[in-house]
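There are two complexes below, and they share chain A, which is joined by chain B in the first and by chain C in the second.
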Partner chain A sequence: MFVAAMVGVLVTMFLALVRAALGPTVFDRILAANMFGTKTVLLIAVAGFLTERPDWLDLAIVYALVNFAGTIAVAKFCRFGNLADDVGGAE
Partner chain B sequence: MTMAIEIASWFLLVSGSIFCVIGGIGLHRMPDFYTRTHAASITDTLGAGQVLVGLMLQEGLTLVTVKLIMVGVLLFLTSPTAAHALVKAAAAHGVRFDGAPGGVSEAADERAGDD
Partner chain C sequence: MSAKQQTSGLAMIELILFVLLVATAVVVARLRDLFAAVMLTGIFSLVSAGLFTLMDAVDVAFTEAAVGAGISTILMLGTLSLTARREEQQPVRLLPFLVVILVGGALIAGTVDMPAYGALEAPIHQHPMYNEFITGTEQKVHLPNVVTAVLASYRGYDTFGETTVVFAAAIGVFLVLGGRRKKSAKIDGGTP
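Take a look at the complex of A and B:
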């Protein structure tokens, strides 16, 4: 049962990687990376249940946070050219 | 009673992963960036939520379920926010809306012109 869920998540991760490779704009690649990260969170959670090690869920929580921060940082970098720019200045 | 919970959690796990695969397919079927974000971020939240609830049913009321609820709430809050920030950055950067990859549309021109 867990293996079925893991196979679905792995297929999605592969599709996200293909989109990251093909994506015409850089934002497609960020989107694919964001989706890949979210699916990694799911993969860790399901794998933790598959191997009867519930402490893997802490990894899933940390990975969800890191993935979110990474996506926001890269999106801001692609928008403003650098991370130090004052957000208000470019509106 | 446990058989019903077992079947329910099995069903949620499988349908969650099916929704994830649909999101993956949506990434490739949609014509341009904005519709791809729509496909990816919606199934992100739904597929992940179903799989996590399916895992919660497996576990009953223990500390592990609390962690699963935390992951669920976290994904529920961050995934739409990340998609919104991404689309806002792409729109301000001038990604075209009509599917032409990477071009600069007129609206973005005059908006980008004044900063």
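Take a look at the complex of A and C:
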């Protein structure tokens, strides 16, 4: 079951990477990067159970914190920095 | 799952992550949209952090995630707000490309001499203190990870010194930046 979960996580990582590379708008890319962070959290958690070391779960939770702070910073930059002008719809 | 299956499974996951890492690097090099490149360098850091974790270097992995995906993404975005959002199309120059290929090749050639990953005959496993650290981590420090035990306990004073240096540097930077802002506000107001 954990192997299936790992395959799923890796495939999603790949798809997120494709979206970040192609993604026409800024928001596609922010979302892809954020999702990639979430997938890293899941990767570490699933790998921990896969190798029978569930204490990696703590590690995964700390990664979630870093990811959250990074995404907040990027979103704030997009809203208030000079990136906002070419997004369309943002005032 | 047997130990051997587990090892080959982990090696498989690491291989896929390495492929993702290379793909990310190629995409970053080819993109002209710098914002996308910044996002992808964050992804690059996250992949390497995942790799480091799978290789049991949790401290390195966490530093990579915090610095690479967190701080340097923010610093790069700050740089982007001061410069342009798109990289200008530049003619392909042969000399820098050759230098990069050479340096990269030299680095790869350097890894050939290194002992295989996890090999028992590696120099690190022949150290006189090897048994002390391996058994002492469990019995004396009560931590599951040897590297963490060495960093936080066996060479705790060293780590403490490093933290003090980083703290002093941060205070210094804050003082320099804060002082300059006040001064420039004054200069703006009056005639020099």
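Assorted remarks:
Here, the second predicted complex is superposed on the first by the 81 of 91 C-alpha atoms of A that agree within 3 Å, B and C clash if a C-alpha of one lies under 4 Å from a C-alpha of the other, contacts with A are read in each partner's own complex, and residues count from 1 in each chain.
Note that a contact is a pair of C-beta atoms (placed from the backbone, for glycine too) under 8 Å apart; a residue touches a chain by one contact, two chains touch by 3 or more.
Computed from a predicted model, the values in this text were never measured in an experiment.
With chain A as the common reference for superposition, the partners chain B and chain C occupy compatible, non-clashing space. Judged by the touch definition given at the top, the superposed model places A:50 against chain C, while chain B stays out of reach. After superposition on the shared chain, chain A has more residues touched by B, the comparison being chain B against chain C. Looking at the shared chain after the overlay, A:64 reaches chain B, while chain C stays out of its contact range.
Once the two complexes are overlaid on the shared chain, A:19 sits against chain B while remaining clear of chain C.
By the document's definition of touching, of the two partners only chain B reaches A:75; chain C does not. When the shared chain is aligned, chain B and chain C each come close enough to touch A:32.
Within the superposed three-chain model, A:8 lies in touch with chain B and out of touch with chain C [touch as defined at top]. Minimum Cα separation between chain B and chain C in the superposed model: 13 Å.
In the superposition on chain A, chain A positions 6, 13-14, 16, 30, 32, 67 are in contact with chain B in one complex as well as with chain C in the other. Contact residues on chain B toward chain A in their complex (touch as defined above): 9-10, 13-14, 16-18, 20-21, 23-25, 27-28, 33, 36-37, 40, 44, 47-48, 51-52, 54-55, 58-59, 63-64, 67-68, 70-71, 74-75, 78-79, 81-83, 85-86, 88-90, 92-93, 95, 101-102, 115. Chain C meets chain A in the complex at residues 1, 6, 9-10, 13, 16-17, 20, 23-24, 27, 31, 35-36, 39-40, 42-43, 46-47, 49-50, 53-54, 58, 62, 65-66, 69-70, 73-74, 77-78, 80-81, 85, 144. Chain A contributes residues 3, 6, 10, 13-14, 16-17, 20-21, 23, 26, 29-30, 32-33, 36-37, 40, 43-44, 47, 50-51, 53, 55-56, 59, 62-63, 66-67, 69-70, 73-74, 77, 81-83, 86 to its touches with chain C in the complex. On chain A, the positions that touch chain B within their shared complex are 1-2, 4-9, 11-16, 18-19, 24-25, 27-28, 30-32, 34-35, 38-39, 41-42, 45-46, 49, 54, 57-58, 60-61, 64-65, 67-68, 71-72, 75-76, 78-79, 89-91.
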